[in-house]
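Order of writing sets the chain letters: A, B and C. Residues in each chain are counted from 1.
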Amino acid sequence: IQLSSTDKTVSLCPLNMAAAPEQTPLCIFGTGDLGFSLGRRLLQSGYRVVYGSRRPHSCGPLPPGTQVMSHGAAAQSANLVFICIHRENYGFLETLLPELRGKVLVDVSNNLKKNQYPEANAEYLQRLVPGAHVVKGFNTLSAWALQNGPSDANRQVYLCGNSAEAKQTVAETATKLGFTVLDRGSLSAARELEDFPLQLFPEWRMPLRLAVGLTAFFFFYLLIRDVIYAYVEQQKDISFRIMVSLANKVFPIVSLIMLSLCYLPGVIAALLQLYRGTKYKRFPDWLDRWMLCRKQLGLVALAFASLHVLYTLLIPIRYYVRYKVAASTISQIKENRTSEFDTAIAWRTDSYYSVGILGFGLYLLLGITSLPSVSNALSWREFSFIQSKLGYVTLLFCTLHTYLYGWNKFLRPSTYKWYTPPGYMLSLIVPTVVLVVKLLLLLPCVDRTLTRIRQGWERTDPEDGCEKSLLA
Amino acid sequence: IQLSSTDKTVSLCPLNMAAAPEQTPLCIFGTGDLGFSLGRRLLQSGYRVVYGSRRPHSCGPLPPGTQVMSHGAAAQSANLVFICIHRENYGFLETLLPELRGKVLVDVSNNLKKNQYPEANAEYLQRLVPGAHVVKGFNTLSAWALQNGPSDANRQVYLCGNSAEAKQTVAETATKLGFTVLDRGSLSAARELEDFPLQLFPEWRMPLRLAVGLTAFFFFYLLIRDVIYAYVEQQKDISFRIMVSLANKVFPIVSLIMLSLCYLPGVIAALLQLYRGTKYKRFPDWLDRWMLCRKQLGLVALAFASLHVLYTLLIPIRYYVRYKVAASTISQIKENRTSEFDTAIAWRTDSYYSVGILGFGLYLLLGITSLPSVSNALSWREFSFIQSKLGYVTLLFCTLHTYLYGWNKFLRPSTYKWYTPPGYMLSLIVPTVVLVVKLLLLLPCVDRTLTRIRQGWERTDPEDGCEKSLLA
Amino acid sequence: IQLSSTDKTVSLCPLNMAAAPEQTPLCIFGTGDLGFSLGRRLLQSGYRVVYGSRRPHSCGPLPPGTQVMSHGAAAQSANLVFICIHRENYGFLETLLPELRGKVLVDVSNNLKKNQYPEANAEYLQRLVPGAHVVKGFNTLSAWALQNGPSDANRQVYLCGNSAEAKQTVAETATKLGFTVLDRGSLSAARELEDFPLQLFPEWRMPLRLAVGLTAFFFFYLLIRDVIYAYVEQQKDISFRIMVSLANKVFPIVSLIMLSLCYLPGVIAALLQLYRGTKYKRFPDWLDRWMLCRKQLGLVALAFASLHVLYTLLIPIRYYVRYKVAASTISQIKENRTSEFDTAIAWRTDSYYSVGILGFGLYLLLGITSLPSVSNALSWREFSFIQSKLGYVTLLFCTLHTYLYGWNKFLRPSTYKWYTPPGYMLSLIVPTVVLVVKLLLLLPCVDRTLTRIRQGWERTDPEDGCEKSLLA
């Protein structure tokens, strides 16, 4: 679509390609789903397409407007051949060595699992057909993306290959199909490209493992403190509480800890920069990795917070709660006591609920702005305002919510059954540390130094800071 | 923006277009919203723009930097003319036949409804100005998209026309504006392109109709079983229950059925492939259409599930519920009975709630990953993991939630008023079938055969499977 | 990636750029985050990259495959120099005047706040190095976007500069990196481009201010009517109600008013067009600005509605509510009264809840369709169907919800404490006006006239309407 011989002036004088009515076709080996989709897309972008098939006369449906030939004939008619065949069936290509000599072969294949074969498919193909120029590419796209054209995240095509010319030819075709091309170097990068579509949420692994670990720990901790304690000390079976009451204690605890773990690495990084007096030393690897999965940490925390909200709103429907409320009313009447309305309790519980709801609202806002299409629409300053300033406010609200829940129980000895603190007290440790350190970092004198360091100033060696003070 | 005479080496030696200071302008007939937006966008991309107007001296605001002339003069100065005029006013173009001879006319018009005219606007234009090369295109874009540049889904421009050269010229301009061009063939495709912007959720029609049908059926079914039964047999008027109680029975029933209908076609397709022993036979049309609207089915089901959640959480606020709870407490006191706390009921109801909440959480996750920007960011393997594996787990949780709700009522004769089963029992049929068949498909022996078939293996004719075993 | 000398026929005959193995490199001054990211991205797109540094032998990590030289040597080897240095350090460029003569300098710098310096960074650079061609650009991209390639909203690069050739050269590079280029004219536009990344939600400012204003007004209004009234007239301290009860009155009021303010400008615009009899007169500025922030108004309204839903569902958990319910049950028993179940109240309250939930469901739907990736996937007709038709239905439901809440209190004098109406009555004014006027506009005779006006017909001057009836 992007053409060459014309400049900004729109001319209808013979364009060289439009004037060449019979352009060289592209060839596709393989008439499966991927071959079909690729062919249709190439046709739509104005290319001529020839399929190579072992059974040219009975090879299933093909896009209208394409031709089918034997492999050899198809290869000879084109300069560029897309190999849309499973690696197991590459063998027959050895019989086509003369026809494929000097041609560009695009290996679009993927495997079913990592390390399925000792060498990458594209390297194996190059070994089979040494006279051709093999380029690995297009394999990260689905048949769907190929047929319907590129969309947001599926716009990038990765290429690698040993021949720069061959890569250039494939890159042009990809660009005409509307994709953005990224060159990944020589054919030795093929394995990496082939492993890419087999990834399963690599950046979610650590946050999910952490969530599972924390959930398991607090589940057993609270099981012992609540259910087993009641059974041992009071001979009461309250195991039915596991399903809702216990779950509704574990979820908010894990959520608060994980939310604070989103902000802890930022605080550690600031302390490191202050200590070192420069921003030009690399952070330790674990800190880098931690900072890269903050978004995932936050979203898992949001999922747990949402569960907490649903479990909490469900409370008054529960059989257990209804039974307890009725029993308390009945006992009040029978004993003829009148419990007084306590304004202090009303203030405290209502504040506790209100702060919790507002915290959850901000939490949701953080989650919505981390949707790719929303965060892309924000300027860098807007994104950092939301994710950092609003993020700390959210953490503050959620921590306050937990403190209000505890209220005066922190000092009551009966709270500490078997000398263990309740779960929510444990969950307050990390967020409190993060908030206190953040507050210290916001002190004018500390903040000023930190800002100067982040703009490139260095403590030890201020006179030649010119070169280093590049754009942050 | 994309230029020709330079290669990768950045040169400042005279570029041919930069050196040609007075490039040929593009012409726009019509100064309405679309003409205005198109002109501004062309200007921003570096084109010169000339407007043709019947009243060049009083034609409303135009983008600064453009010229206005009479239609004839404007047409003569350009090779490419965008016709941004309503079809009803095409008539005057007949008076410009000499000026328009050999020019490329881009018909960007749309109609207000389908089949408004016997022939497509672009074909009518070609008949009026036979000496020009008419290209249909840009009509699927809004004035908004034209002015602000292409964004995600609005990136594609569809073109059709009888002259390949003319299409090429328009395609270049579209590409310079940042759009991806899809060639839809000759001018006879114009009607299809003109109908495209008039579409109103075509892929949502079937799921919505199904939802309305199921809702109506279950509404009347439950109305008869609950309200009319109570009125006939017990002379009680409980019609007020229609607004919340009845609604909260209908919504989860419809939601569960529609969720299971998302997964039924996949199961049917697997059975068909197993039966036929090949994946190369096309599925029946109804199955294809069904599979294409699974996403919409699932999202409608999610909407109904969300309503169910809101209606359920609302229960304890209702006047009716509060009255009943108070009445039960009062009657307990008056009759001096004490109802015993039943741990079994607590376990069952809490499990029922907990499974429901977790199922809804997974449901929401499925919904979020089907947002375009999120699903685009997933690799194919990640997307299929979420939509298939997590989808079945969601269906399992929601089905279990409903079974726990029924519990021991399945065998109690009093449940079957007027010999009809309760609504939720009817809603369990499809999901149970889907889950059982899916379980059978996961048996190692069945799963192995199915995997081989999906990799291209064919039962009947295994020895020449090479050609067929293309990439899935 | 986009190349020139080839047309649609894929050729492997010597491409001029591939044949020129040692292409001219691009130069980057500055080895900070932005320089690093830009260099890596240029490399990936196939460019050669040379860094200029004051300390070429100790300048921190650089992308593998690049060279580092002194500033002078680097500048001499390239035609295009990216200046990735803070403005404060531009001074040393004056020493490189001979090396930079005739080169294109791309100023990618940003400032920390608006109007930090009397002249734009790019204009200052041009003054320092008068012999070079300065182009401002790339500054709206983050280092992240540069390194990872363009994504949805970050696809556009704005350029400005005095030399058309220099801009063209930079534009080509940007296009090869996958960005869409918008030309913003001469270097005097540089300040505007430099201010762009410093924007902080400009289009959200008005809606947020309005929300804060309305919230404050209704908070104090209800504080006086509820808390202070009870204290003054009945000597009761009910100040604890501020946290939840009062908040849950303010949120729905503000939400309803803001939702109706989304639809008021559309109604005013229609009335204006009917009155003027033409659509070709510009709307007053305040109306234009108002219409441009409707989406933000609606989303803020949705946030308040969501808070209202959470606060409402929380009601039965509150200590105050539980106390009140128990007290009412106890007093019924002590006084031996039996309150009768009132079907009318059950109908009314259940309808009120049901309409509210359905209204909130539609509200959420509106919110979801305004996510960038969802609204981009809709055709123009679909988007307008949802945002206008469904929007009015949402407003109708929410208004009805409020009327059902008021029910028969509108005529009861005791409602008007201190002669002031309750807050929800005030909130009904704007939505009622909008709905009534909209209903009038839908009357067939009015609707027909309005449709004709919107298609370009003008009342005063019907005979020469041809030119004006352009595409709407």
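In this text, contacts are C-beta pairs under 8 Å (C-beta built on N, C-alpha and C of every residue); 3 or more make two chains touch, one makes a residue touch a chain.
This is a predicted model, so every value here is computed, not measured.
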Looking at which chains touch, is this a line, ring, star, complete or other?
complete
Do chain A and chain B, two copies of one chain sequence, contact each other through the same residue numbers, with over half in common, or through different ones?
different
Centre-to-centre distance between chain B and chain A (centres being mean Cα positions), rounded to whole Å
24
Quick check: what residues of chain A touch more than one other chain, meaning two or more?
2-5, 15, 17, 46, 152-153, 313, 316, 325, 329, 333, 371-374, 376
Residues of chain B touching chain C in the complex
1-12, 15, 17-18, 30-35, 44-46, 53-55, 59-61, 84-86, 88-89, 92, 108-110, 140, 142, 149-154, 178, 196-201, 237, 239-241, 243-244, 247, 303, 306-307, 310-311, 313-314, 316-320, 322-323, 325-326, 329-330, 333-334, 371-374, 376
Given the complex, residues on chain B that touch chain A span 2-5, 15-17, 20, 23-24, 26, 46-47, 78-80, 102, 104, 152-153, 155-156, 164-166, 168-169, 171-175, 180-184, 280, 282, 309, 312-313, 315-316, 325, 328-329, 332-333, 338-339, 341, 343, 345-347, 349-351, 353-354, 357-358, 360-361, 364-365, 371-374, 376-382, 385, 455-456, 464, 466-472
